[in-house]
Every structure is written in C-alpha cells, then in structure tokens.
Amino acid sequence: MKKFMNSADDFLKESLQGFGAAHQDIVNCHYDPNFITRATPTKEGKVALISGGGSGHEPMHGGLVGYGMLDAACPGFVFSSPTPDQMLAAAEKVDSGAGVLFIVKNYSGDVMNFQMAAEMMQGPNESVLTNDDVAVEDSSFTTGRRGVAATVVVEKIVGSLAEHGGSLQECKALGDKVNKNSGSMGVAFSSCTVPAAGKPNFDIGDDEMEFGVGIHGEPGRRRDKMKSAQEITNELLEAINEDLKPEANEEILLFVNGMGGTPLTELYLIYDNAKNMLDKKNIKISRSLVGNYCTSLEMQGASITLTKLDEELLKHWDSSVHTAAMRWGV
Amino acid sequence: MKKFMNSADDFLKESLQGFGAAHQDIVNCHYDPNFITRATPTKEGKVALISGGGSGHEPMHGGLVGYGMLDAACPGFVFSSPTPDQMLAAAEKVDSGAGVLFIVKNYSGDVMNFQMAAEMMQGPNESVLTNDDVAVEDSSFTTGRRGVAATVVVEKIVGSLAEHGGSLQECKALGDKVNKNSGSMGVAFSSCTVPAAGKPNFDIGDDEMEFGVGIHGEPGRRRDKMKSAQEITNELLEAINEDLKPEANEEILLFVNGMGGTPLTELYLIYDNAKNMLDKKNIKISRSLVGNYCTSLEMQGASITLTKLDEELLKHWDSSVHTAAMRWGV
Amino acid sequence: MSVNFLIHSAKEIQAVIDANASEIEKLDQEIGDGDHIFNVQRGIKLVIELEAVIKDLPMSKALNQIAMKVLSGIGGSSGALFGTLFMTMAKGNDIDNGVDYKKAIEIFADGVEAVKQRGKADVGEKTMMDVLIPVSNCLKKGVEDNKDVKEILKEAIEVAEKAMFSTKDLLATKGRASFLGERAKGHIDPGARSSQLMIKTVCESVLNS
Amino acid sequence: MSVNFLIHSAKEIQAVIDANASEIEKLDQEIGDGDHIFNVQRGIKLVIELEAVIKDLPMSKALNQIAMKVLSGIGGSSGALFGTLFMTMAKGNDIDNGVDYKKAIEIFADGVEAVKQRGKADVGEKTMMDVLIPVSNCLKKGVEDNKDVKEILKEAIEVAEKAMFSTKDLLATKGRASFLGERAKGHIDPGARSSQLMIKTVCESVLNS
C-alpha cells in the first residue's frame, strides 16, 4: 500500500485537520465526536442539512459543507458509516429551530445509524434516502439500491432550497424528487485500499473492469473485459436510461464523476463520449458537472449520473454555492 | 494500460471536446491548430495572457482559462510542448492590442517553441519563464530548473493584474516576481502512462518512491524507500525552504498539489503535516490551495509549493477568478 | 453473569477475533466493503478499555456504558446492531440484583429481538441474524425444556456454527451483500461469522469455568 | 538532391525509425519524458503525407512545406529543432536550380548551425547536437578536402555512430536530461540516437543509388 499517511489510526484525523485548516473561511472541524460544520452558524429559521457517511468519498460530504449546501457533515471511519453521537452533536450545533434534514445514502449501516440518531433527537427532523445506483436491482426483497454520486446533486439542490427559506417538509420533498429524478452507474479499473487493511479490496486483472462497481469497491453487475471509452459510456448510459427513461428533448444534468484515481482528462473524454450518445437520443444536456466528487479512495474509475431537470431544479442548481469542493456565484 | 480512451490518436481531441462542451460558459475550444480561449473576447486594452505546454497536466492550463486568469491556452500532445502555430493562432485571437504575455514552463521544448512563436509574432509580447522546481539544481551549466506547480500561482496572480489594467511590462515583472517567490518539489508513488506508449514511463518498486519527480514522470533527485507522510512532507519542505529561505513570520501560500492519482484525503493530510512543520518554524500560512492542479496523467503523488506573499500578491491572489478549475468571488 | 464476566469475555473474544481476523476481513471484502473486521476489532478494544470505568458499576449501568461505546465507537451496520443488542440488554428487568443463566438468556433474547427490529432482517437473508436468531431460540428453548445449562450452551455452539455455514449458499437480501444478487452466493456472511465466533467464545468460557 | 529524393528518404527513415522504435522510446523514458519516439514518428508520417502536395514544387518551397509541417506537427524540443533545420535549408541560396551534393552539404551545415543557435547547445551537452555538429563538420571537411562523395558519406555514417555512442557517458546540460545530473550518465540521448539513424539512412540511400 502506498499512501500519504503516518498511521492508519491517525489517517482520518490528520486529513480532517488539514481540511479544516485549509478551509478555515468555510468550515469548522470538531473532534470526538467528529463532525464538520460551516464556519458561521446556521441563520435562524433555516432548515439545517446534515449528511454523512463513511470516509473515503471525499470531497463528499465535508467538502460540500458551506453556504448553499450542507450545514454539517459527519464522517465515519473509512467506509464505515458514522455513529449516532456524531449526528446528534452535529444536529445540536446546527439546528436553528427550523428542524434538521438528514441526507443519507442507502446502506444499511448509514440508514440504521441515522435512524437511531433521529429517534434520539428532540427536535423535528426528516431524512432523505438517496438510492440512485441503477447497477443493482431494486426489488422488494432487497435493501434496495445504493446511494452514490447523485447524493451530491441532492445536497446542492436541497441546499439551495433550504438557504432560500424552504420548510423542513419542502426540503424533504425536493430531496426525494431529485433522488427520484436521478440515476447513476459506475465502473472501476482498479481497486481501492482501505488504510487499515493495507491491501486492495479486490483483485482485478490487467484487462478487466468491474462494471457497476459500488463506491466502496463493492462488486457490481459483472466483471468485464476492458472496452473502449465509448463502449463503456454507452453501456453506463443505457443502464441509466433504462431506469430513468428520460424523454427526447428532456433537459438533464450530465454529471461525470471520478472515483479518485482517474485524471480529469479522462473524465472530460467520458463527457464527450456521453454527449455523443445523448445528442443522438435528443436528450438535452442543460447543465454539466465533471470532476472527483463522490470518490472511493484512490480507485481508478468513473461514474455517470443523469438528473432530469425542471425549472425548480434548474433554479436551485444554479443558485450560489460556497463550499470547499463546489463554488459558484459567490 | 487502463484508461478511458478510444484510441491514443483521439485521446486529446475527445478530451478537449468534452472540456469545451462541459464549460461552454467559460471557454471556447478551437481545433487544428488546437487552442482554448475564453468564451468572451479579451476586452480592449487588456494584456492577453497565453500559456500552454504538453497535455497531461490538466486542469493546467485549459482549466485556468477564464476571467481573472488566462486568455488562452495551447495544449500540445501528451507531454510534448505545443507548436508555434498554436501560439500564433491563439495570440491572433486574443490580442486586443495591449500585447501578449506568454507564460512558459522552463523545458527546452516549450521554451524553443514559444520563442519561435514570439519571433514570428507581429505585436508586442513578453514571456515569463517559470522554474520553481527546487528538485533540480540551477547551475549556469544546465538549462536550469523545471517549471512546475507554481505556474498555476503565476497565472492566477498575473491574471488578476492583467484584468485590472496592468501593462505588458508590469505583468511580466509581476510574473517574474511570483516565480522568484515560489519553490516547489514533488514525490511520486507510481508512474504515469502516456496513452501512445501504453506502458508506464518508469518502473517503481512496491516500497519505493521517486523523490523530486518531474511532472512528466521524469526521474527526480533520488529513488527512495517509502516513508511516512510527515517525513516526506518535512523533506519536501526542507528542500523548498533551503532554496526559498522564508523568514520567520513571513506570510506564504501553502499549495498542496496532487499529481492526478492521489485522492483529496491524502492531500489534506499532507497539508496538515506541512502545517505542523511550518508552524514550528513560525512561517505564517496566509493562503491555501489543495487539489489536483498541475498533474501528471494518473500518477500517484503530490507536490508542495510555497509562495512568499506580500500585499500586492495577496491582493491579486484574492481577486475574483472564474475558470473551470479555480473559481471564487464570482 | 457479572460485569467482570463481561470484561473477561471481551478479552477472550478479542483473542479469538484477532486469530480469525484475516478470514473475516476477506469475507467482507468478497461481498461487502472490507471494513467489518476493523469495526469489530475497534469495538472490542473500546469495550476492554472501559474496564476501569465499569468494573464496579451495577450491571445495567455497565451494559449501558458498553452499549454507548459500541454504538459510538464502531459505526457501520454492525455498530448499530451490536449497539442495539447491548442497549436492550441494559434495560433488562431487575438485572442489578444478579443475572443467573436464565436471566442472561432472557435479556440476550430480548436484545436479539431488538436487533431484528432495527435491521428488519430475519433468518435466511444472509446476515448475522442467521446466527443470532437460531441461537436465541435454542437458548430459550433450552430454558423452557429445563435442560442443563451445559447442555444448552453446547447446543448453542453447534447451532451457531451450523447457522453460520448456512449463510454461505444464501442469496443476500439485506445489508451490503444484497446488492450483489447471485454473486453473493458461495461466501459466508462476515457478520454471521464474527457473531458465531463471539457466541462460541462466551459459551465455552462458561463451560470451562 | 531532388524533392523526390526527400520523399523517398522520408519513407526509408520511417522504416528504420519504426524498426528501432522501442529502443528510442526507452531512451527518452530513462532520461526524458518518453515522448521522443512518438514525436519523431508523427513528424515523419506528416512529411510523407505531404508527397502529393510537394512532389512538383521547387526545392525551396518543398523544404519550406516540410519545415512548417515538422514545426507544427511534432512539438517538443525535437519539433522546434528539426523545424529549424528544414526552415534554414529551405532558405539555401539558389537551391531551386538543382542541388548537387556540395550544395546539399552546404545547406545542411547551415541548418545545423541554425539548430545550434536555437537550442544553444554545443557538442558535449548530451543532445542531438553531439551527432549533428560532428557530422556537419565531417561533411564540410570532406568537400573542402575534395574527397569522393562516397568516401565522405561513409565517414559521416561512422562519425554519427561514434558521436551517438559518445552521449552515453556524458552529463546532460541541455534538454530534459539536464535535470538529472549524474543519473543521466550511462544512457544514450534519444535525440542523438534518432538523428544518427536518420543520417545513416540518408547517407546509405545515396551510397546505394
């Protein structure tokens, strides 16, 4: 394992410290229990947005704390969901009286820990569960689909509504809507290595890729032979389209997300190839996001997320945001 | 080789197309010869800033084109400097009469090609040569030091001066000053693979790192055994400090740059470790930048850049910028 | 069952889990995200570190401290589930006046029931419930049938082992492995394995005392 | 020297460079950035593709087209340097009225001088100049000494090869390899190797004609 680290035990803490120090103007990091808040307190009457999850997906969620997005983020250990005490401490700090909206990716660990926090909480709270990953089937017999990169989109759009006075119920409803309007799928060329493990999560051949991979390096739909970028992109988009069924002339957000070890150049190439295919289907790319937002440590790979946009979503996507990882208009 | 690509020949073009399409609001991509300009023309009387270099270092330089930074960028083939016709075409497009400032990293290929363009050009022009890499010695017998990540800092600060009415001479002088005020050094854990080559540029053992590596995966000061992040950070900073000699209480910009394959979490950890050391020396971190800005394809590694800041530099660092890769205040 | 017994068991469990660490790690890498072993090891370590704090506390308080430590120190599915187990056990009726084996079995069964509620998983879904529920049933039945405690514990060890192996050929419908469909088959569930090892260790500890 | 000869030579050079591609690639990976072979191959391909455009042009125009193609199509150090070579040759005096071997040597030597100016490197700095300068000198001397053209070309081939090998033990002071210090020693300079192969190919082509 080759990582910039001093010890597996201190990995998370030192990284958080660096993050906090580098972005003092935007965030405050708190320790024991660990959580990240905005540098300035939630303004009165504003719904507080709290997300969290295992670490290793940076900049999600800490890098999305700030004006127009999250009020707080709770980072767990690498790939382990955070614990109720983190969420409770964060909620206590950022709840300004208008209630707390938890944004939770659909993994049983995250769901159960956030649920326990919600049950223990005094004030009003709601949760949005993201489950945009079309790689896995959503049947009534399973826990359902995984929450992946669309969580970033949910946090941006709901963050804007909360900033502009949306109520707790309105924020929850919008979050559910964005989630329902989104589909994602990813592919990995290499594994990732959890610092405590010291060795890759899975083995993969020189000519193989994991198609439909999860953001923890979990196995996906199938192990496949390497293919051209256009073929991979087409297959990812087909899987998403099958689920999301965007109509011709429908406006979408095209979000090409890197898993951590794939350079920007390749992400833009995927964007180009995706545009080729979407153009052919007359699906209108109205907004774009390209970069490493929902990562899996140093995994080489990428995911594509499509979100169907209407006027409401467009407005909240475009509104100002000022976080460490996403910033515009301010 | 595992890359998102269709063919080595189309790699650059498709990536540029994706970049152009994803950031239509900021840039325009031109082909044959390839160059990137702002989406809006240079305002009259504003010095035009043009940079460029081999591809593979994205977001540098295309991602730095936009308000407050570059007017144009000329991407060469992967790791090959661009050619004079690209620079001439870019200059023709963005020169508004106040002259052109070329920002060139100190590699003989870049220097010669930009020189030829400058000689062929009609209008007034100047060049700033960046050579911030302290890994290699600067003796009168060599081509001098390499230009690396501080080029980003030069482009930000000179970009601001140009935006605010600086003359060609003033811009050149400020660029030289920022370059002189900066020192960088990097380390790599893995090699990078040029798409046309299809195999890694160098071999490196499981327990080795290349200390003082160049941004093309060129060999550095020495091949070393892996060390802890704090040790690596200390050694990088010592090398920089030896050269830059910042004084106690001097204000600096601390820039932790990823090489493409190292996740943000580790870059923040380096930031934390760097802060430990700089705090001890009473060097004041006034500004911070952490992220993948001057990369080497998918290489795992990072570099640290320190830039000594005075009031003038601070002002121009803080001023608004709106590019694909760096954005604030707007 | 005394607080001392809890601490002593935690130490024994630590040894057993450490000895089987690489196997458990591999199981969660194959069908999960690879963190289960670290979650469990971290949790046990934290509980053992509580020794000085809890050793003189009444049972309900000690269990509650353990529950909070597990809940706040582990994370992931197993943190929430094991936390729920201990939280529920801590609420057991009248436990500060001594916990005999019947009482112990009663509060354990209550705990398992709460875990089942929390995770909404039943037997056959390829989770730790495949071990916890049959073991809980076996223990309860043993008490009902007035069996000898040694007999009951020996049976529980066997039931746990069989149940653990049974997860191998199941499709997963809860937890991370549920995302895998057919690909989860052929792998033992990591939580089932760690639970089985813990149960075995505690039962043997009683048997050998 | 005719335009046809230029095109013919480019094709022969392509075959030789392709045959030695992996060696040249390795050289620039060892002490450079690994792109030299692709730069050279791309350049040659572009020149060959010019055939239809230049085959009926006067020598000065043909050379100028080649120069522009090389300059705009290669990039890197070698693009600027080879571009400069051809640009200068294109400016040779009176070349549209036929180029005999003396004239060819004259304009080549002028080209090498211009390359030297452009790159500011002299013999001994571990670059292509270590090959180009001695070869140019050898050719000029041969003409001065009124040697037979075959003799001259044979000598040039030998000089080029020796010069190429000489770069192996040099410290680099120009180009990318200069950043390496002592570590550059023991490796032949990639530009020296590709230049030597091109010179050898052209000389042999004349010898065999």
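Per-chain numbering from 1; labels A, B, C and D assigned in written order.
The rule is short, and it goes like this: a contact is a pair of C-beta atoms (placed from the backbone, for glycine too) under 8 Å apart; a residue touches a chain by one contact, two chains touch by 3 or more.
Since the structure is predicted, the reported quantities are computational estimates derived from the model, not experimental observations.
When the partners of chain A are compared with those of chain C, no chain appears in both lists. Among all pairs of chains, A-B has the largest number of C-beta pairs in contact.
Distance from the centre of chain C peaks at D, each centre being the average of the chain's Cα atoms.
Chain B and chain D, compared by their mean Cα positions, are separated by 32 Å.
Centre to centre, using the average C-alpha position, chain A and chain B are separated by 29 Å.
One finds 54 Å separating the Cα centroids of chain B and chain C. Touching of two or more other chains is recorded for no residue of chain C.
Across the assembly, chain A contributes no residue in contact with two or more other chains.
Shown here, the protein chains touch in a chain-like sequence that does not close on itself. Pairs of chains in mutual contact: A-B, A-C, B-D. Touching chain A in their complex are the following residues of chain B: 2-7, 11, 14-19, 21-23, 55-56, 58-59, 63, 189-190, 206, 209, 226, 228-230, 232, 254, 256, 260-273, 275, 285, 288, 290, 292, 295, 297-298, 300, 302, 327-330.
By the touch criterion stated above, chain A contacts chain C in their complex at residues 33, 54, 76-86, 107-109, 112-113, 115-116, 133, 135-137, 141-143, 145-146, 194, 196-197, 201-202, 214, 216-219. By the touch rule above, chain C contacts chain A in their complex via residues 25, 29, 31-35, 38-39, 42, 68, 71-81, 83-84, 118-119, 172-176, 178-181, 183.
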